[in-house]
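If you scroll down you'll find the structure; I have some questions about it.
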Amino acid sequence: MKYLGIDPQKVKIGVFDFTGCEGCELQLANKEESLLEFLSLLEVVNFREISSDSSQDYDIALVEGSISRKDEIERLTDIRARAKVLVAMGACACFGGVNYLKNQYPLKDVVKEVYGMHSVETSKVKRIADVVKVDLNIPGCPVSKSEVESIIVSIVVGAEVKIPKYPVCVECKQNVNTCVVDLGKICLGPITRAGCGAVCPTGKAGCLGCRGPAEDANYGSLREILREKGHCESEIEQKLCFYNAFNGSTEK
Amino acid sequence: MDYRLQRQNINTEPFMTKPPQYNRKSIVMRTDKVYKCEIINIVELTHLEKLFHLKILNRTERRIFKFRPGQFVMLEVPGFGEVPISISSSSNNTEYIELCVRKAGRTTSVLHQAQKGAKLGIRGPFGTSFPMEEMMGSSILLIAGGLGLAPLRAPVYWVTEHRDKYKDVHVLYGAKDPEQMLFTYQYDEWKKVNNINLLTIVEKQGKGWDGRTGLITELFKEVSIKPDNTYAIVCGPPVMFNFVCNYLDGLGIPMNRMFVSLERRMHCGMGKCCRCMIGSTFTCVDGPVFDYWSVLNLKEAI
Amino acid sequence: MIYKVITKNEFKKFINGLIGENQTFGPKQVDRRADGKAVYQFMEVSSFDEMDLNYTVTYSSVKNFFLPFKEELSHFKFSDNDWEQAVEYRVNPRVIVGARPCDINALAILDKILMRGAFPSPYYIARRKNTFLIGMDHEPPEDCFCKSLGHDTVHRGFNLFCEDIGEQYYLTINSSKAFVFLKNVKAGKPTKKDDVKLIERRKLLRESFQARVEVAGLSSVLDIEFKSPVWKKWGDKCLNCGSCAMVCPTCYCYGIEETIDVGMKSSRKERVQYSCNLVDFAQVAGGHNFRPLKEDRLKYRFYHHYRGFAENADDPICVGCNRCGRACLAGINPREVISDLQMEG
C-alpha cells in the first residue's frame, strides 16, 4: 500500500466462540494457501483454534455462535467493551442459526430431550445483536473465508466494506445450474443474499438462507410461487425458520 | 487432415503513439489501460472533500491528454476501484489536472487516505463538454450548488483565461452551510482580478458567516439577466437545477442555451456497462453535459 | 457466401475432426425438470455422440462464451512505491456447435454494441475472433417468438450454418476457415433438388411458430406507457433475482469489481455480468438509488430490450428466444408483459 502512501498497521484481532459448532473459525484456519498472508495483516491475540496465547487487548473481535447461557452474556459484554470493532461472524451470530430452532419448544422439554438426566443451565437462544451492539455482520453457514479475508483487508486499510445485495440466483445462474425449484424442490435462493457462490443449489440442494435476506427481497412472490408448485405452507415455513435468518421479515 | 484453429491475437500495435480519440470511434484498442499519475499536491477543502493535483508521469501520455471543460476522467485507485470524477482544473494546464473528490464510498474512502507521492491511474477524458466558444460574446451565468462547484470550476477557469471574450460573468454558489463551501480561497481572485460577479449563499447559518442565508434562487434577485444574450451552466443536486432551470426558462433563456452536468454511477465510462443510463441516454457518452431540452426529454426522473 | 451439402454421416466425421483438435462445446442434456422437460446447456464435449443436436433450446445462451460472467480486464502488481498494470486479451480458440439462429442473431446484436460502438471492446473481439461457430436450424419450441422479431433466420455472424434437409445438411459457409476445414470431408455442390428441399424446410419452420409478440411501434408505446400501472402489476411479482439477464443472449449490462489479494501484493479488475433488475444497479456511492422500486427496475429492462440504446437505438435487442420467460419463477415473460402494455395503450 506504499504506492498510495498508506502504511496499514497490523490490527490486533481476537476470535471468540459462543454457542455454535466453531465451523466458521475452522474456515479461517483452513485455507492454508492464503493463511500466512492473512496473518501477516493481523496480530492474532486470542484465537483458540490456532494459538494458545490469549490476551485481552484487541481492536477487532470476531464473534462466532449465538448466546444461550447467562455466562455467555457476561463474556460477550466484556468483549464488546474491549473491542473497537465487533463483527458477528456466521449465521449463528447474525441470526441465531440452527440453534434458534430450540426456541420453538419449551425450555424444559429441550433440556430433557438433549441432556436427559444430566440437566444443564440453558436459556432461550439470542443473536449477538440482541445482547450487544454489532458493527458488522458476516453471514453464512459457514462463512466464506475469502469474504472474511476481503472484509478484514477493508477494515485494515479503512475502506468501506462491500457485500453483495442481490440474491443467490445471480451466482447460481452464473454457475449454469438448472434451477432447483424447477427440479421440484424448495429453494430460498431468490430471497437470500448472494456471496456464497451458490454452493447448495450447485449441488442440487435448495438454498436454506444461511446468508440472510437479500436487499428488497420479494418474500410474498416467492411464497406464492412455491405454493403454486405444490409445496405446503408448513414445509415453506420450516425452510424459512432453519437459520432464523428471515425472522420477522417475511410477510405471508 | 487438419482441423486445428490458430489463435488470433488482436491489438499488437503499441499503445499511446497517437492521442486516443475517446469520444469518437477509437483506433486505440486498449481501452482499459490507465495513464499512471502521481499525486503532487493535496488540498483539504472541507472535512469531506479533498482536491488532488495529479500529474501524468509519462511525458508522451501527458502531452496527448487533452480535455475540455465539463469532461470527466475515470480515476483508478489500484486495488480498490474506479470512480468517475469531473475535472476541476483549467483545460490550459498541461502539467497536471485537479480532481475534487468527496469521500462517499469504498474507493474514495481509500483515496482520502492517500498521501502526496501516491500513484493513481486515470482513463479518459470522457463525455461531452460545455460549448465555451459558442458562448463567446454573451453573458454567462454559472450556477452551482454544493459539490456542483467542482465541475463548474473548469469553465470558470476558461472564462478567466478568455475574460475579454465574454460580457457579464456571474457565479452564483449555494451550499448547505459555510463549512461545506468549496474553493473559498479563490473567491477574492475571481471577484477582484477576473471581474466575476460572485454571489454566495448558505442554507444554514454557521459560525463566522455574515453573508446571505436562504436558497440559491434568492440570488437571482441580485443579478440582472438579459435572456436574449445569456448562457447558463448549472451544476448541483437534481432538486436544485430543476428549480433553477425552470426559473431561467421562465425568464426566457432558450433551453438550448442552458447546460447542466448530470451525475450517475458509472463503471466503464464508454457507453457499455449501462449503469449510468437515464432512460435510453448514456450519461457517460451523451453527457454528462446536456442542454436543458435534452434533459426534459430524458425518460426517467433526474 | 458459398453453399454445400453434406451427408449426416460425413458431418459427424467433420465435427469429430474438429473436436479432436480443438476445445469444443455443444448442446448436452444436463437435467430433467420436475415437469418432465429436458434441460440442455452448452457444455464441453469430447465426441459427436455426446451432443444432442435435436435439442429444443439451451437453458442459458451462448452469450457467456463471449461475455463471461466474470472476466479479468486487467491486473495490478504492487511493488514498494509503485504498481504495474497488465492488460491481456489472450483467448484460446474454441468451437461451438449447434447454436440456433436466434443465438447467432443475438451475437450479431452484441457485435454491433461491442465491436462497433465508440469504444470497441478488445475483450469481446478477442473471444469472437477465436470462436469457430457452427449454427443449426431447428423447429421452434412453442413459446419461442423469434419470428416476431425477425430473428428466426440468420445470414451473418457464424462460420458455418447447417439446415436439415433430411439425409443431408445444407451448409452455408461464411468463413475461409470453414471452407478449408470442409476440405477434410466429402461435401458437394447442392443440386436443384437440394435447393427445393431447403426451401420446403424453411417454409415448414416458418409456419411452425405458435407464439407471437406485436413489436410494431413498441418503441414509442414504451415511451408513452412509461407510467403505466402495468409495470407495478408485474413489478410486484418480480423477485429481482437477475435470472432473466443471466440467461438472456443479449443482456450485456455489467459492473466492474476490483479485488485486492489478502497479501496486498496484487489486485484484479473484473467485468462482472450484472442485471438492471438487481437492487443496486443504479445505486451511487453514498447510497442514493436512482431506481428504488422493483417495478422501476423491471421496466428498465424492458425499456432497454425493446427500445434499444445508442448503437441500436429504436431497434429491439430482444431476439425472441423466451429464455427469460422460461427462467423466471414468477412467470414474467415478454409476450404477456408486452401484450398487457399494448392493450393498455
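Labels A, B and C are assigned to the chains in the order they are written; within every chain, residues are numbered from 1.
The definition used in the following text is that a residue touches a chain if its C-beta (ideal position, glycine included) is under 8 Å from a C-beta of that chain, and two chains touch if they have at least 3 such contacts.
Small disclaimer: the values here were computed from a predicted structure and weren't measured.
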Label of the chain whose CA centroid is most distant from the centroid of chain A: B
Chain pair with the greatest number of C-beta contact pairs: B-C
Separation of mean Cα positions, chain C and chain A [Å, integer]: 37
Distance between chain centroids, defined by C-alpha means - chain A, chain B (Å): 42
Residues within chain C bordering two or more other chains: 78, 81-83, 260, 264
Sequence positions of chain A contacting 2 or more other chains: 1, 3, 157
Contacts with 2+ other chains: residues of chain B: 78-80, 105-107, 117, 119
List of chain B residues in touch with chain A within their complex: 39, 77-80, 105-107, 109-110, 113-120
Chain A partner contacts - residues on chain C that touch it in the complex: 30-31, 33-35, 39, 41, 59-60, 64, 69-70, 78-83, 236-243, 246-247, 259-264, 273, 275, 278-280, 294, 327, 329-330
Sites on chain A touched by chain C in the complex: 1-3, 8, 34, 37-38, 40-41, 149-150, 153, 157, 165-167, 169-170, 173-174, 176, 178-179, 181-184, 189-191, 214-218, 220-222, 225, 229
Of all residues in chain A, those that touch chain B in their complex: 1, 3-6, 154, 157-162
Chain C to chain B touching residues, read off their complex: 17-18, 20-22, 73-74, 76, 78, 81-83, 85, 87, 89-95, 113-114, 116-122, 125-126, 129-130, 132, 177, 181, 184, 223, 226, 252-258, 260, 264, 267, 269, 271, 274, 276, 281-286, 290-291, 300, 303-304, 307-310, 313
